[in-house]
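Labels for the chains are A, B and C, by order of writing; each one numbers its residues from 1.
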Amino acid sequence: MARSGPTSPDRGAARRPPGWLGPGVLAAAVVAWEGAARAGWLVPFYFPAPSRLADTLRELLVVGFPQGVGMGTHIGVTLGRIAQGYALAIALAIPAGLLIGWVPALDRLALPVVTFCRSVATLSLLPLAIAWFGVGELSKVLLIAYACFWVVLANVVAGVKYVDPLLVRAARSLDTGPAGIFLRVALPAALPRAFAGMRVALGVGFMTIVGVEMVGTIQGLGALILEARTFFRSDVTLVGMAVIGLCGLALSTLLERLERLLLPWHRGLESVRR
Amino acid sequence: MSGRRRGDVWLSVAGAAGVILAWEAVARSGAVSPAVFPPPSVALGGSLHRLSPGELGQHVGASLLRIGWGFGIGAGLGVVLGIALGWYRWLAALVGPLVELVRPIPPLAWIPMAIVWFGLGEPSKVFVIFLGAFFPVFTNAYKGMTSIDPVLLRAAQTMGLAGPRLLFQVAIPAAMPDLATGIRVGWGLSFAVVIAAELIAADRGMGFMIMRAREFGDVGVIVFGILLIGTTNLVTDYAIGGVIRRRLGRWHPI
Amino acid sequence: MARIEVQGVAKQYAEGEGGLALDGIDLAIQDNEFVTLVGRSGCGKTTLLNVIAGLVAPSAGEVRVDGRPVTGPGGGKGMVFQQHALFPWLTALGNIEFGCKSRGVPAGERRAIAAQLIELVGLRGSEAKYPIELSGGMQQRVAIARALALDPEILLMDEPFGALDELTRIEMQDELLRVWSSRKKTVVFVTHSIWEALVLSDRVVVLGGRPGRIRLDLPIDVARPRERTDPRLTGLYGEIWAYLS
């Protein structure tokens, strides 16, 4: 009768669901899945059993798929591509963002270009990239860089543009000139937003590489899961998907830790522009 | 005041025009072969010659239809589940972990399994788009529901509201801004996903159009397709933003 | 010659009658005087303070400090704001040193000045804390110390205790008087609390109406330290209240 949401007042600890419920549900789901597979209710090709997937994981780590290309290699290749594209994007987007955010005229000038380029689906550039740069690593890295660049740029610009004017006023009352205000107020004030953008960009880069690797490559996680389907190895695909998910989680956790380390003075959620 | 505004608009227009003109100039200069780097005039003109309006319409229509379905189901489910899980703590405890488990997997990574389950036709693409739309909408709906100012709920309760009436008359309206953000993000993501899906496995649609053009070495159509996708994305996003602004803008600072 | 001279200052923000925030302000503030500007919200007292500070240029008239016209902020005019405006990425010490760093004061000297001020405002032990780790009262102490670090002749304070709870506010008022008595400065203080004005100032200037004009300029001839329950203050309260209504 009475509702019991997380925002419910006076519900009390007695009604709060136990902590073990979450993992319990997951465990139950896995068990149910295994049971259904064993009982023959699931077609193995469409829904391989969890036990089968465990074996597949071992196989991928030791033997690899295709033969000789281990899971480690796939992960390494994918992460390597992301790393290069991401680094390139940040190296360009941060200085550009600082400049555009600080000089209003540049912001107006760049606005239509930035808005449009952000709306271009990165993967739609894949055929063009191949036409210009071939099917090698360069086109992949550039695509990742493209995807990450606009997100970081938008956030750095916003971070600089929306520095609390009160802080600027305070700095001016403390005999700080324009250069001082830019370097010692605008820059540090923009950091949290810039970091938020970098976090989102990593996720975007990750998403992009998976798609990029599905076209014309045999190495990398995206390639792995697509290739496997061609050979009717849906179990490999599922394991690959899980690995992709875990890598994504690991990367974002890494960035979060880094942010907490570098910005110990900042706490709280940031709104982010995509 | 208004003079400055007009100045801003002119600067923006100048920025856009500048880029287009620079592109045209560099491409025509012959520094790179026009087959590889066509000027915008050639790319657009040539494409409109090689593609009949009917064919073009078919591709754009196919893409939009897929997004429509995928987004419709994904956002719909995302809203319902996000609100339900945000309101009923027990539901969140039961279903939440399953959602969290699936979330880290990017929608595109589902393409191979989608093909396994649904074949190469429309359903597999709609499924992937559904996933692309679902998560942002769900996450934002959930966040919106769980970050409602408790004061609002308490005030409503003192006026005798409880249960479903409290949910629909107070909680959901309060969560609207976050929900709207989720829908906007979800749409943008659906767009990116559909193009990718069409690049990888399709026989119709804007992504497919570009892919086929590459096989024929027709860079002009590729460029045209890219611009078309970007423009369609912008226009639809602007439309959605407009609707949101009209519904929410009166009481919520945009 | 008065320390601060405000002559015929007016400020127009927008076209037409409604946009005139201040009109015909004439004010002379003596050296080491503690003057408070009181009035309702929107009466222009913050605007006037910003004009004196040099953050906002008046539409008419001028402000002179030590005979020289005010052209910009800083330069001997320290400021404390209602929202502390501390730089969140700097520790308490870092914030206090900020102005010195802007002026190019060498690190050792900066550190010494900041340490002294931390002591003065009673924040020993909190030097390395970030603003987010400090309470409201502590944040304002840092803000005051930061403004004092450049040893300004004038201290401009814009409702600095407005965001604090009543008890902390009373504490801070006493703190401010203590700091002021040890480092005499000319203070222009803005508040909408009549009581605060009576407890702190040598002179209360009441602003009112739209556009804001000076309605009352009342000297407070009660010796410090003042008792908050002093009947003379109550009487003055009545006078000021009458002008504000």
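Definition applied: a contact is a pair of C-beta atoms (placed from the backbone, for glycine too) under 8 Å apart; a residue touches a chain by one contact, two chains touch by 3 or more.
In this text, all values refer to a predicted model and were calculated from it rather than measured experimentally.
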Work out the mean Cα position per chain and let me know which chain is farthest from subunit A. C
What are the two chains with the top count of C-beta contact pairs? A-B
Using mean CA coordinates as chain centres, what's the subunit B-subunit C distance in Å? 51
Roughly how many whole angstrom separate the Cα centroids of subunit A and subunit C? 48
Centroid of subunit A to centroid of subunit B, CA atoms only: how many Å? 17
Mark out which residues of subunit A touch at least two other chains, giving numbers and ranges. none
Sites on subunit B at which at least two other chains make contact: none
Quick check on the complex: what are the subunit B residues that touch subunit A? 8, 11-16, 18-19, 36-37, 86-90, 92-98, 101-113, 115-117, 145-148, 150, 153-154, 157, 162-163, 166-167, 171, 185, 188, 191-192, 195-196, 199-200, 206-207, 210-211, 213-214, 217, 219, 222-223, 225-227, 229-231, 233-234, 237
Sites on subunit C touched by subunit A in the complex: 53, 55, 72-75, 77-79, 81, 83, 85-90, 98-99, 101-103, 130-132, 146-147, 150, 156
How about subunit A: which of its residues touch subunit C in the complex? 164, 166-167, 169-177, 180, 184-185, 188-189, 191, 263-267
Sort out for me which residues of subunit A touch subunit B in the complex. 1-9, 15-17, 21-23, 25-26, 29, 45-46, 105, 108-113, 115-117, 119-128, 130-132, 206-207, 210-211, 214-215, 221-222, 225-226, 228-229, 234, 237-238, 240-242, 244-246, 248-249, 274
